[in-house]
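Note that the chains take the letters A, B, C and D in the order they are written out, and that residue 1 is the start of every chain.
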Amino acid sequence: MAKSRFEYVKQFERENFLLPDTYLIVRVDGKGFHKFSEEYEFSKPNDIRALKVMNKAAQNLMGQFPDIMMAYGDSDEYSFLLRKKCSLFERREMKLVSTFASFISVNYLHEWNLEFPEKPIKLERLPTFDARVVVYPTTQHIRDYFSWRQVDCHINNLYNTTFWTLVIKGGMTGKEAENRLLGTVSSDKNEILFKEFGINYNNESEIFKKGTILVREYDYTREGDDLSKRQQQRVEKQRKKALIEEYHLDIIGDTFWNERPWLLE
Amino acid sequence: MAKSRFEYVKQFERENFLLPDTYLIVRVDGKGFHKFSEEYEFSKPNDIRALKVMNKAAQNLMGQFPDIMMAYGDSDEYSFLLRKKCSLFERREMKLVSTFASFISVNYLHEWNLEFPEKPIKLERLPTFDARVVVYPTTQHIRDYFSWRQVDCHINNLYNTTFWTLVIKGGMTGKEAENRLLGTVSSDKNEILFKEFGINYNNESEIFKKGTILVREYDYTREGDDLSKRQQQRVEKQRKKALIEEYHLDIIGDTFWNERPWLLE
Amino acid sequence: MAKSRFEYVKQFERENFLLPDTYLIVRVDGKGFHKFSEEYEFSKPNDIRALKVMNKAAQNLMGQFPDIMMAYGDSDEYSFLLRKKCSLFERREMKLVSTFASFISVNYLHEWNLEFPEKPIKLERLPTFDARVVVYPTTQHIRDYFSWRQVDCHINNLYNTTFWTLVIKGGMTGKEAENRLLGTVSSDKNEILFKEFGINYNNESEIFKKGTILVREYDYTREGDDLSKRQQQRVEKQRKKALIEEYHLDIIGDTFWNERPWLLE
Amino acid sequence: MAKSRFEYVKQFERENFLLPDTYLIVRVDGKGFHKFSEEYEFSKPNDIRALKVMNKAAQNLMGQFPDIMMAYGDSDEYSFLLRKKCSLFERREMKLVSTFASFISVNYLHEWNLEFPEKPIKLERLPTFDARVVVYPTTQHIRDYFSWRQVDCHINNLYNTTFWTLVIKGGMTGKEAENRLLGTVSSDKNEILFKEFGINYNNESEIFKKGTILVREYDYTREGDDLSKRQQQRVEKQRKKALIEEYHLDIIGDTFWNERPWLLE
């Protein structure tokens, strides 16, 4: 029953129920993290403790939502894969993105406060994130999506590593380093690092080169339409209790995926 | 230029650009705040300090986005009115709701930590919010929208005040109080409060009965299509620097709106 | 009850319910009418009998749907204005555009067969139309929308009149006429017509210069939320029985609209 | 360049680009065909000549759009399957449904005029259709979709056959026949037909029992991402020139699909 004659305004609400039986990827992205990293004096090119905060926040989020099968993160962004049969929030778009943005933000702030007691967060520069959700129909799209993000991570990290080496060890200004790198390809950057600074990029930490992969690991039983209600509930329970493991390895090739068939079942 | 052959996956992204020249209302809503209020032992029926945290968080958000003309909040929800000409994030739906959910969440957590040093937030019970955005074509809809929320605040607060009085002062269990209130109308609840406990509901604090209204107050100059570029920039600057005032008064009648014509210009 | 286990596929259907309390404009547009006009040897620059077919088809459509307050057409396109309170097909987008496209198409074909018995339509070149619907929040948008279409009609007709005069009376090839008009403005075209061919563009038929306006004319009683059920039904009945008048006049200025306040009530 | 200051109204147009790499099914549905069939005195329970008109119209449509791989029709509705890689109208929803509704309507009218010269169509009862498009991610959904429609055809045809036999041969009124069939299952209806009227439903025409399947038949070469540009063009050409065959057979089982792997490639 309407509580007042004003309640008609609810009729203007619109919902986008995302297509059933498709993979969903929610990507969260830090807002203004360039300035954030300056404000809180991140180590350059990578701040391992800040990455740890980000990874911990993502782990917490994954712990909350058993429909997330895996996640991939790098720098201030993270992508979460929701399984095809996921019916979280009835697959409502706004509910999904706003909730994920909220969770990642408060978890980041909370973990930051634990990790960096010496760097208290200021009101003017709180960590915030936006989020988007994308619908993908096939496993191939999911493979390609994560390959896209990992290639991106590689490109950015090679650039940043070279840039900051030129600045920190090479004594260049930012502008000079930028100009030096203009038009260079990967091999050029590898060469700068090796010839001028004796750095072998291959020896850099995997977490920087490959990003972070979070996987819900569990004793795999194939889910399917042919499972009884009771069997489905058991699988669901397994999913909830599954350990969330952290990796820093290649997800472009087949090995990672072949070893974890449940991710794309 | 595509950085890799995987980049085609971006083509699956979809955007909902909300209709131009319409009012937008973003409503954020606390997730699981019933349990949150139990975990952190809120005063009942209302915890003035927790409300203060919420109001402060909403104020901070409003300070960030000058397109927000006013906001109305009550309990764990807040509605933000964006002006018709607002082009924040190109009016992209997911960007708007995820950003607002993120901002309100971290600001709430941040303000909580300042207000309640004696009640540290636990990882298992972080404050989180979802958000939705609704498009309204006319000023009448906006008036009715805020009336809807304020009526709702009144109904809930009268119920909660009576319920908790029956429990705290009347010694009832929650179940008994619930049964006592089943089928009662407003006048019944007023009578219970008055006759049985000597409480005149009208004397309750305005912030509980009316909720909180935040208003961007500024020396009003009519904005319009006929303003020069320079004039528009001046108005925009005014908006950014405008004080954000907090009120607890009736917004169903005309007075509030007549005194602030710029809100619905 | 589900008739078969296959019925779940209905869950993939999506509906876009267009925002309530806004004007809707459905615009239908002929597909491949350039070739259509060649196939059936339209008179150039305008074929008055083909225009008559188009106008008749639009009139029939308007007769079917009393929610259409007015329409504006020119060449092979027509725009239909649906009133703000219109709830035709629950304002479902696909239903609206597919139905309008269907109606205009069969009516065009039907009227063509009556008007042009000497030019039977061939299977390979049937008259077809697509349709789109656009949501507009205010009366100003509607005024500007129709101004946009009428300006467009004027620009196209002036161009076509000059082009075909150069070809038919001036003996130019299409390519030559095209080159002659490259970079010319309105006054140039008026001058070509007048100086070279003694044609005063102002004396051309109004239907060519202004397009066609169809208006649901009825004894105006203001509709509003304050009308009783019975009064509303009477107004609705009036609307259904209203005459649909055809005009060829200016709709950019205020006169047309001031004389018909019910169009944008 | 904007031709006038009114052109901003185009910014209110919205497009829904349907998800790439998914099957699309466009279903057209006759509007008010119950009355249409009464007006033009269709034979009952099925009018084979009217079905022929419908099938011919669908064939014409399929001839126009080589992206349609197959179609299934029954009574006054038809479903068209567009291949996964289809980029017709950039997969814009309104464009697709309005165009399909337009094509089927004028083709139906055109074919009707050829088939039924003795039953001229009246202006007040033109054949019109609406259309919707649905996105399906996998081949299983497509199989289930067509099974759904064919089961529906069977259920309706068995009902109609029994109903009209009771009326025409049994002398019942429509109301009496309706009551007689209330609560009956398939076997009941089969028994009525057989015991009371000596009709073996299995001997009814396949076109009535199974509906009509239109298939684009062509010498199958697998399409794929690994085809060269030239090979793709050849496949596309094949598709355009492919014969469109008409069948009336079971599409619920595997046989039909196994024999035509290109339909769901």
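Everything that follows uses one rule, which is that a contact is a pair of C-beta atoms (placed from the backbone, for glycine too) under 8 Å apart; a residue touches a chain by one contact, two chains touch by 3 or more.
Small disclaimer: the values here were computed from a predicted structure and weren't measured.
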item	value
For subunit C, the least number of touch steps when starting out from subunit A	1
Of all other chains, the one whose Cα centre sits farthest from subunit B	D
Pair sharing more residue contacts (C-beta pairs) when C-D is set against B-C	C-D
For subunit B paired with subunit C, centre-to-centre distance based on mean C-alpha positions, whole Å	45
Between subunit B and subunit D, centroid-to-centroid distance (C-alpha), Å	50
Centre-of-Cα separation between subunit D and subunit C, whole angstrom	30
Numbers and ranges of subunit B residues touching at least 2 other chains	12, 14, 19, 21, 135, 141
Residue numbers on subunit A that touch subunit C, as the complex places them	11-12, 14, 17, 19-21
Residue ranges of subunit C in contact with subunit B within the complex	19, 21-22, 135, 137-138, 141
Interface residues, subunit D side, partner subunit C - complex	3-4, 6-10, 12-14, 16, 28, 31, 60, 93-95, 97-110, 113, 121, 123, 126-136, 141, 144-145, 147-148, 151-152, 155
